[in-house]
Amino acid sequence: MLSPISDHLREVLAGCAADTSGAVADYIPELAAVDPGLLGVSLSTVDGAVYDAGDVEVPFTIQSISKPFVYALALADRGLDAVLAEVDVEPSGEAFNELSLEKGSGRPLNPMINAGALVVHTMLGDLASPDDRFDRLLTGLSAFAGRTLDVDEAAYRSETATAFRNYAIANMLRSHGTIQGDPDEVVAGYTRQCSIRVTARDLALMAATLANAGTNPLTEEQVVDEVVVRQVLSVMATCGMYDSAGDWISTVGFPAKSGVSGGIIGALPGQVGIAAFSPQLDDHGSSVRGVEVCRRLSRDMGLHMMDAPQPARATIRRTHSVRHVDGGAATVYSLHGSIQFAGAERLVRDLDEAAALTSDVVLDLSRVHTINDVARRMVLEVVRRLTLAGHHVTLVDPEETLPDPDAGEGIRPPVVPTVEEAARHSHE
Amino acid sequence: MLSPISDHLREVLAGCAADTSGAVADYIPELAAVDPGLLGVSLSTVDGAVYDAGDVEVPFTIQSISKPFVYALALADRGLDAVLAEVDVEPSGEAFNELSLEKGSGRPLNPMINAGALVVHTMLGDLASPDDRFDRLLTGLSAFAGRTLDVDEAAYRSETATAFRNYAIANMLRSHGTIQGDPDEVVAGYTRQCSIRVTARDLALMAATLANAGTNPLTEEQVVDEVVVRQVLSVMATCGMYDSAGDWISTVGFPAKSGVSGGIIGALPGQVGIAAFSPQLDDHGSSVRGVEVCRRLSRDMGLHMMDAPQPARATIRRTHSVRHVDGGAATVYSLHGSIQFAGAERLVRDLDEAAALTSDVVLDLSRVHTINDVARRMVLEVVRRLTLAGHHVTLVDPEETLPDPDAGEGIRPPVVPTVEEAARHSHE
Amino acid sequence: MLSPISDHLREVLAGCAADTSGAVADYIPELAAVDPGLLGVSLSTVDGAVYDAGDVEVPFTIQSISKPFVYALALADRGLDAVLAEVDVEPSGEAFNELSLEKGSGRPLNPMINAGALVVHTMLGDLASPDDRFDRLLTGLSAFAGRTLDVDEAAYRSETATAFRNYAIANMLRSHGTIQGDPDEVVAGYTRQCSIRVTARDLALMAATLANAGTNPLTEEQVVDEVVVRQVLSVMATCGMYDSAGDWISTVGFPAKSGVSGGIIGALPGQVGIAAFSPQLDDHGSSVRGVEVCRRLSRDMGLHMMDAPQPARATIRRTHSVRHVDGGAATVYSLHGSIQFAGAERLVRDLDEAAALTSDVVLDLSRVHTINDVARRMVLEVVRRLTLAGHHVTLVDPEETLPDPDAGEGIRPPVVPTVEEAARHSHE
Amino acid sequence: MLSPISDHLREVLAGCAADTSGAVADYIPELAAVDPGLLGVSLSTVDGAVYDAGDVEVPFTIQSISKPFVYALALADRGLDAVLAEVDVEPSGEAFNELSLEKGSGRPLNPMINAGALVVHTMLGDLASPDDRFDRLLTGLSAFAGRTLDVDEAAYRSETATAFRNYAIANMLRSHGTIQGDPDEVVAGYTRQCSIRVTARDLALMAATLANAGTNPLTEEQVVDEVVVRQVLSVMATCGMYDSAGDWISTVGFPAKSGVSGGIIGALPGQVGIAAFSPQLDDHGSSVRGVEVCRRLSRDMGLHMMDAPQPARATIRRTHSVRHVDGGAATVYSLHGSIQFAGAERLVRDLDEAAALTSDVVLDLSRVHTINDVARRMVLEVVRRLTLAGHHVTLVDPEETLPDPDAGEGIRPPVVPTVEEAARHSHE
């Protein structure tokens, strides 16, 4: 095994293991009975490589970590506007108002607090029976995890008996009309949701599905679309870690969510999903060592979302002239790397400065490995403008990095596999 | 002019121009006298390309947009811990508490509200005279902008006469001991800070300096370091847009800050700085059209920080064998693009699977354009492990993408400019 | 009928009748079905004279007006300290916190809000079964009213079905451990409490029982003692009228409590109990016309508790000398009126100034109609001091206004029925 | 000296002296320098008898105890509505909002907090110069005290230098427009107000002036009218003792106000004014021993305003018939005591029951010592009704307890000095 990643994960766990502060959640017997020494971390890349250390196969109830995923399912089923109408997305700050409902409307402040999660729980599918709703929910969470999850029925029954706070909240929501029907039934369904059994490895894959724009890295199932994911990650960023949104973002810097059974997840868009598990909780109800694992991974692996990548070098690595077979000359622009707005902007700028030189322009995309929507539109717009200005533009794109290069107004540059062929092609 | 970016900016302005809702700030004559129809947008890339549309050269007072930059200077001068000890970083939520001080301690909730900004204002330099402090401040903001800024003295005098709220806050902070000295003097200094004159183009460059990890894209001066920038952008993300942190992050998705003179800035790490200017304000005191410009740019240009890049293709584009001159074979791994944690992980994984094949391994970095710290460490760790396992490793790195390849334990692979040379080099 | 009081009550109703603003409570069918035009007022003196006008015999559910009376019963059953330990006595101010529980402890802010009333409901008797508890409660409220009350079972069932807010509060209290057992059962019991059927005349007598130091003016049953009443009236004064304690005390000036069925009571210690009934409610949930009736009665009848009585004239109406049969002279001090601290102080002062005159002192109490504890102690202390100073003191007290005149140290002045007899008695 | 009152006050002080908890206010040197062992209590009756114990002649600055008196002056000068428009009368509850201003309006919650007191300070007189305003204020407070008060100029200067909180509040009020002009000037005036020098004896007389419906018991000057006093005492009852309005009213039961220099006053309408002085303060800023003195006086002297007087015996002591000179019979109703609503009601009731007996009715008021407005109106109305019903009514009122007995409709009963004369008078 060459990879240092698992070793690093083990080092992180070793560095956190000594902190035995905090206490396991004790309000239900099922949670209190857990071994407080359990400790595990799992990391999944967006293309499905999974690294583990410690107790990553121990099942535990998902608890509040279900919230972002059920929120994702509700957004998928009802649409953003319908869900926003019922549940806001603002951090609740210090929990001075135990219910965190908007005054007057009774709208929960965000979907990561219990009030919001109870409402979101009722927004799955087509308002069918609670059983149908739960089937949808369990199927959806299983899709995030990439395997069929089940419910810890003993934990479910145990929690139901003492879920006074949730009964309180559900009845308050019912009194405002924010939820319909029988509040007890909603609490029952939500408690089942919280009792779904997962491992740290499951959670890492669920988080990686968010990091991967909604597609499970292993099964490659598109569970939800990227607009849903953007909303879920945004809400996790500001509301996922309870009373300390600002502190979490500045020191850890990726969207996260914790649960009272000791789990915590993090997701860095386009990179990784992370999950840690350790049952002892701090005063906010988050895993003491789970939080520390996140802090260390952020610091050691450069996962803070406010860190700029090292300044990009020129997207255009080389500009050179090639001779045509007929003796004319073309200017070749060799692009490479992953092109987003900033890269496309640089390309356009360079072309702008250089375009006067030759009538033939070759865009060599053979070393580009991705190009996003805005960059694609910008490149095609430049092709259009060059063409309208009388230039011949040829694309070298052997792997169809820029498929279907329709620049509008009937303009469609020739696409060839090599620069050599482009040279032959030009001016023909 | 080939670039569609300026055209797009003009389209954005055209799309926003019809919204004449809101009202100019009228609490001081200087602000009330502004032309409400002014509208401009400027965008600067992290390498200093600036695109403009509309009224980008009209000077106005910077007001609250000074806050993140002065916060950056205080962090640079005093260090993160010292500043955090005086000003927290939590969103203030709906402004139920007019002062947003922590109960008991009197610590302002964050540096983007006036209470926090007043404290931060006093934390520049070495507690010297107010004049020295202001010199430091004006010099610092000028460095962010890349040109020497000045103060609108008429606006300063006008605001001083009616700054009752700030006098109130400063006296309250003084009563808590959060600031020292004469509260009136602190308000005077802070009001001068707010009266610094900028244009939308200045602000775009200031924002781009944040997006560029603290280095001004044009002057290339390192104004503050990247740890400072991370903190500033994190606080802007959660506290920059007053009462609606959650809504802003989910719909716009980049750190931002607005001011009552009608300016608003946004910064997307590693990509761009943005500034818009339009004097009519919404109920939160943010520019109506400035906010709309940000929304459109985020949507049209894919600037939401929760959007994952399109899934990266293999970092290793090609693996092939080359013959040695002595008849043996080496396996060549050709990497390319910008390598961060996720890319390095993928490289390590591929090597892990493939390493059994040959004793000679060539890592071709000639198509890699950047590699960050964690990725660098991971590559070197793999080199170390491969070497310890008996493999010969050669780096092809013509542009020193991976400078000083010290893998520890005396292991330092040979670096050559081309694969061909690596083939010759192996097993020698 | 000579009395102008009933005429005045009719005038008050006529003055209020035109105000048809407000709306009947509509959250349960039973309340919504009431005739909104009903209007009645009843007034009972502390010695049981009852004056009525309007719809004073129409039964309605007591709702929140039960709260002070059940609070009184809990204080009687458990003692002040035990009840204060569970429910505080502070006004809740504007209802920004929907539950008005103390942070941390979960202790309701006062017994007049639902949270407090739910806790108080569980504190009757000896924690026996809910049925026993309710028997105690119904018997107790009947004793306040002076007749056997019953429950409106239809209203009870109707409210139970929609008591979501109370279920919410009871579950929240249960989650804090402030109440024990099954929250649903507590809500059921409390809802039955609110469904007890009363008339405005009943309520006037219940209020008069409070005004009469706990003794029902008609049945003369001592329902609770005066220490309980003091506590109940104090809490009604500051917490009885929801969001506007200050406004109510300054404009109306007597302790009060309203209920959503349209009733409102007021009690002025030592004088009267008042009840009004009119179903249309203001935004606070208090009867629009009921509140106005209270305002008018306070103003017209001088019932504001901050109004000083007109300055008392001398308690000692006449001082004169009488001749003894033996030719000596005694000084006679004729007291009259109702003697409390201020009156006793005046007496003592006058005696102090006058005592030098004669060795014989006659205190004529025949025109005194009441004397309270502190005044009694002061008079006896003066008797003691006069006696120790060598004076002969005789009390004229034909009606035993000052029974058992034991001044301590074996001093016990002779008591005679007339001043004439005192004259004979002196110096014998 | 016969009176036990001073002895009792000394006993109360002795009982409190051992409690040396708390600390003197130390935020200004002038307050910190006080002897912490000082302890005094003074009590003044509404007719001006003053009892003292301990350090009642030591001068100290009045501080917040000035608030109710300046509020009284503002009410007198501007009227209730004008003052209520600027300052509400609601208790501020726990001081979560440091300024206790209404959201939006900026109206202070009540005149007993600094924000309210600052506004009230500006509402004296006719908005003339600060000097004129202060003259009015000092003259007014001197009238309450019954002697010419002065300002402790050293304390004033000392406090001005550190009055940051008040500068904060004044500027915030100015930013809302709640006060006009220069905030610093308002703070200066208010600080002078707080620096007025008083003794415990002065404060007892000031409180007694409130208890005496606005008339100083010694000078007999009517400082403010009874409507003003009613408002002031109401506000003191709910807002005088900061965070614990409910606790204070239930355990002490009379309106009160404390100040950080260690003074505390209480006023029981119609009875007494009380002042205690002891510099060590509790966490609320009230004198530890001063509060305890109030508790003991309330308990020992029966001063709780929710205590009903012992049930009044019949107002009509004797009903008897007298023979006319012409052989006819009159029924004589002998009233006595202090007649308010409840007593008048009882009279009317008895008359109603008895009126059939004879055509001649004699109301003997010779033993009545006071009768208030409502009672007077009721007696006259009964006279009117009896007269209209054909009865002859005669008043025996030797001391004009019921002056100008105009019953309306030209009815005016004869007034005679004795029952004997009434007998002669009847039917003549």
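By letter and in written order, the chains are A, B, C and D; residue numbering begins at 1 in each of them.
Assume a residue touches a chain if its C-beta (ideal position, glycine included) is under 8 Å from a C-beta of that chain, and two chains touch if they have at least 3 such contacts.
Here the structure is a predicted model, which is why all the values come from computation and not from measurement.
Just to be sure I understand the contacts, which chains border both chain D and chain C?
none
When the centre of a chain is set as the mean of its C-alpha atoms, what distance in Å lies between chain B and chain D?
64
Between chain A and chain B, what is the separation of their C-alpha centroids in Å?
From the centre of chain A to the centre of chain B is 21 Å.
Let me have the rounded angstrom distance from the C-alpha centre of chain B over to the C-alpha centre of chain C, please.
About 68 Å, centre to centre.
Scan chain B for residues touching two or more other chains and write them down.
Counting only residues that touch two or more other chains, chain B contributes 96.
Dump the list of chain pairs that touch, please.
Pairs flagged as touching, ordered by label: A-B, A-C, B-D, C-D.
Over in the complex, which chain B residues touch chain A? Could you list them?
Answer in residue numbers: 1-5, 45-47, 49, 88-93, 110, 211-213, 215, 226, 229-231, 233-235, 237-239, 243-247, 249-250, 253, 255, 269-272, 300-313, 317, 336-338, 340-342, 345-346, 348-349, 351-352, 355, 367, 369-374, 378, 381-382, 385-386, 389.
If we count contacts the way the header does, which residues on chain B are in touch with chain D in the complex?
These residues of chain B touch chain D: 96-99, 101, 103, 164-172, 174-175, 183.
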